[in-house]
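See below for the structure under consideration.
Should a chain be cited, it is by its letter among A, B and C, assigned in written order, with residues numbered from 1 in that chain.
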C-alpha cells in the first residue's frame, strides 16, 4: 500500500443526489450506501445449481471492458454481470505496449465514448488512471475500477464484505485477519477500507516485515508479523498471494516454501481461530503457498462463494450507476 | 491412436435416467442415443441461403468456451450453436503456458463454476482432461469435449455420422474409408467409434505404415497401407491431414509431395470408389496434400455440409445436456 | 494511392435491382444510393448522452468480423453496429502469419459460410482480397470492406460524408482539404471518391511531395505541397497520419517534428480557412504531429462526431445489405 496518494478519487464518485456515479474506491462511500449495494447484490443471487438471475434492466446499454492488464476472472465476472442484466458487452484487451503516451488512453476512451458506451470497466497497472479518466469523460458516462495498480480493487472489496456479512452477520462483533503481501495488495486496501466503514470490530494485517503496509494508510488496523497473534480467536481469515510482478527488488521477499512454513494458512493453524472461522482468498490461489490445498476445498473455505458473490456485486454496481445515469 | 487408455470416460456421460450429462467420447453411447442426437440435429438445419434456425431454448444459460489449444473453426461452431439457442457465451482462450500444475486447470474451472456456468466446452492438448474435470465439477454442470489430444473429438464424429446418414442412408450397407494419419487423429478415433456403434458395413483405415493405428484400438476395422484396396468400391472417403504438431519424431513420416503421390485423394483415384461415393475432410484442409484441390470443390465433396452439420450437431448436444440438467 | 488497379470491385456491389449487395469501394455507387445510405444512417443517431438506437432488424442474422489486420476502433464500431441491430456477432482476429497461401483465406471463408454467416466484415493488408472473396462466396452472402491495404475504406468514407453533410449541407458549395500521407491512405482514396460522386465544389490534397498521390487516380483534385494554398478559404480540413507501416523505404519521409512544422494542422493555420471551417481526423490521431492537440479538442473539431457517425453508417450498411439479401 505504498502507492502515491490520490486524494480526490473518493470525492468523484457520487452524483449531487448521492447516487453512485462511478466506482473508483471504497473510500468516501458511507455505510448506508455500501449496505444498499450489498442488499441489491443479494437480489442477484440464486441457489447453486439453479439458473442465474437474468433481467433486461440494462437492455440497450453498452458496457465496455477495457483491460490494460491481463485478467480472466475479473473480466469474465464483469462480462457475465453485464450480460445477465441484458446489456451489450464490448471486450477490449488492450496491450499496454501500444500505449506510449499519457494521452493515448484518453483518445481510446474518447473514441469509445463517441460510440455511446454507457459504462467503462477499466483495469490498469498505473495508479490514478480511473480517476484521471473520470476527470475527462462526458458526465453521462460511468467508470468502474476493476483493479488499479496496488491502490484499489473496490468490487473485490465489496464482494468480500458481502461474503463476510452472509456468513457472519454484524461487522461490529467481528475480528478479520488478512495474511500475506499487504504492502502490494489492492485487495487488502479495498477490503480494509470497506471493513473500516462497516465498523468492523478488529482488523489484523499479518505479513512478513518486508511486505507490511505503511501504518499511516491503515490507522485503525493491528499490523503484525506474528501469525499466531493474528489468527488467535479471529472470525475471518483472508489469505493473499505475494504480488511478485509488482515488486521491483525481490531480495528479502520469502520464497514459496519459506513463506508457506511461516505464513501459509493450514488446517492446523486455523485451530487458533474461532471454531466457526471462515477462510477466504481473492484468487488466483497458489495452493501450498498462501494456503493448504485441502483447507481451500474444505467446508471452512468460502472461496467459491466469493466468486459467486463477485458476479452479484458487479450486477448491483452496474444497476446502481445506470440508475443514477437516468437522474443526472 | 496410441493415447493411454481412459477406461472410465465412456461411463461418466449418462444420467441415471439415461440422458446425456456430458459428452466426452462416442464410446459408451448406444445406437438409439446417437440416432436421437442426429434426429435432433436435423431439426436445427435450414436450407442454404435461408436464415439459420434460432430459438430461445437456452435463454438464461451460460456456455463457456474454454480452449487450451488454439481453434477457429470448432470454437466458432460452438459459439454459434450456443448463441442460436439463445444462451450467453463466454469465450476464454487460455494460453497453456499459464498452466503449470495439474490443479490449476481445476481452479479455473472452480472459479467459472462459481459464476454459474452451465456448460463447459473444453479443448485441451492433454489426454484425460475432460474426464478429469467431470470427476471434479458440481453435478449440475455439463462438460463437452471439443477435442482432446489424439484421443477423442466426439462432436466431429457426430457431425460426420450425420453427414453420412444424410447422403447415404443406412449404415449397415456402407463401406467407409478413412485415409491419412490414423495414428494421431482424434477425428479418426471418434468417427470409427461412432460408425462401429451405428453398425457400419465395413470400415477401412488407410495410411502409411508409420501412421497406422494400433489394431487393438479398432478391432473391427481393416487396416492397410494399400490405398487402392482401401478405395475400391467404397461409399465414403474421408481424408485426414498429418498431425505433424503431435509427432515428436518426424523421421519416417512422408513429406507433402511424397504423401500426395501415394495417399492423396484425387478425382482419378476416386474412380476406384463407388460411382456415387462422397468425399469428406474434417478441416483444416491442405489442398494438394491430402486431397486434390478440384475434388474438394466438386459435387462429390460434402466438406461444406460437414461444417453446416457441425453447428446443428452442437446445438443438439447443448439442447440434450441442458434438458437432462433439468431432470437431475 | 499507388495500389494496383482493381477495375472490377466497383461493378460487383449491386444486385440486379440496384440494391447494395456488397460494399467494397465507394467507386460505382451513385449519388442517389450514397444519399439514401446517409439518410438511413441519420435514423440511427440519438442525442449524445441518450441511449443508442437499438432495433431487432437483424435478429437471427450472423455477422462475422474477420480482421486479418489488427484494429480496435473499426472492429468495435462494426461489432456495436451489428449488436444494436440485434444480430449475433462472431469476432475472429486472425493472425496473417497463419495464412501462407492464397487459397487458405478462401477455405476460412468457405468454412464460415457453411456455418450460415450472413455478412462478412473483412479487413486485410492485401489489395484485392474483398473483391476476390466476393467472386468466390455463395451469392446470398454480403462482404463489407473494413479497410483494404491502401486501396479502400468505404465505411470511413461514408462516415466522413455524413459528418460533412451534417455540418455543412450541400456538397456543391464546399471546398474540402485533405492534408497528410495521401499516397498511402485508403481513407483519402475513399473520401475523395465519395466527395467526387457527391459533386464537391473543390477537393484539395496537400502533402509533402514524397507522399503525394498519383494524379491519375484523383483527376479532379488539386494536388499541392503548399499547405497555405490548401487551407485558404477551405470549409473542411481533414488531417491524416503518415502510414509508416506501409512505407518500405522511409528515406525522404519527414519525421514527426519536421512534419508538424510544415504540415501539422494548428489553430494558427486554421485562420487561413473559412471562419466556420471544421477539422476532421479518421484516427488514431498523433497529437502534435498531424494536428495540434488543443485544436483536436476544440469546438472546431468534429472528430468525436465522426466516430459516432461511424456506428450509424455501419448500421445503415448492414441494414441495406441484409434488406437486399431478402430480394435476391
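In this section, contacts are C-beta pairs under 8 Å (C-beta built on N, C-alpha and C of every residue); 3 or more make two chains touch, one makes a residue touch a chain.
In this text, all values refer to a predicted model and were calculated from it rather than measured experimentally.
Contact with both subunit B and subunit C is made by A. When subunit A is laid over subunit B using CA atoms, the rotation angle comes to 120 degrees (nearest 5). As for how the two copies subunit A and subunit C face one another, under half of their interface residue numbers coincide. Note on chain placement: the centre of subunit A and the centre of subunit C lie 41 Å apart, centres being C-alpha means. In subunit C, no residue touches at least two other chains. On subunit C, the positions that touch subunit B within their shared complex are 59-62, 88, 90, 92, 94, 103-104, 107-108, 110-116, 118, 138, 140. Residues of subunit B that touch subunit C in their complex: 46, 48-49, 51-52, 54, 72-73, 76-77, 79-80, 83-84, 283-285, 287, 293, 303-308, 310-311.
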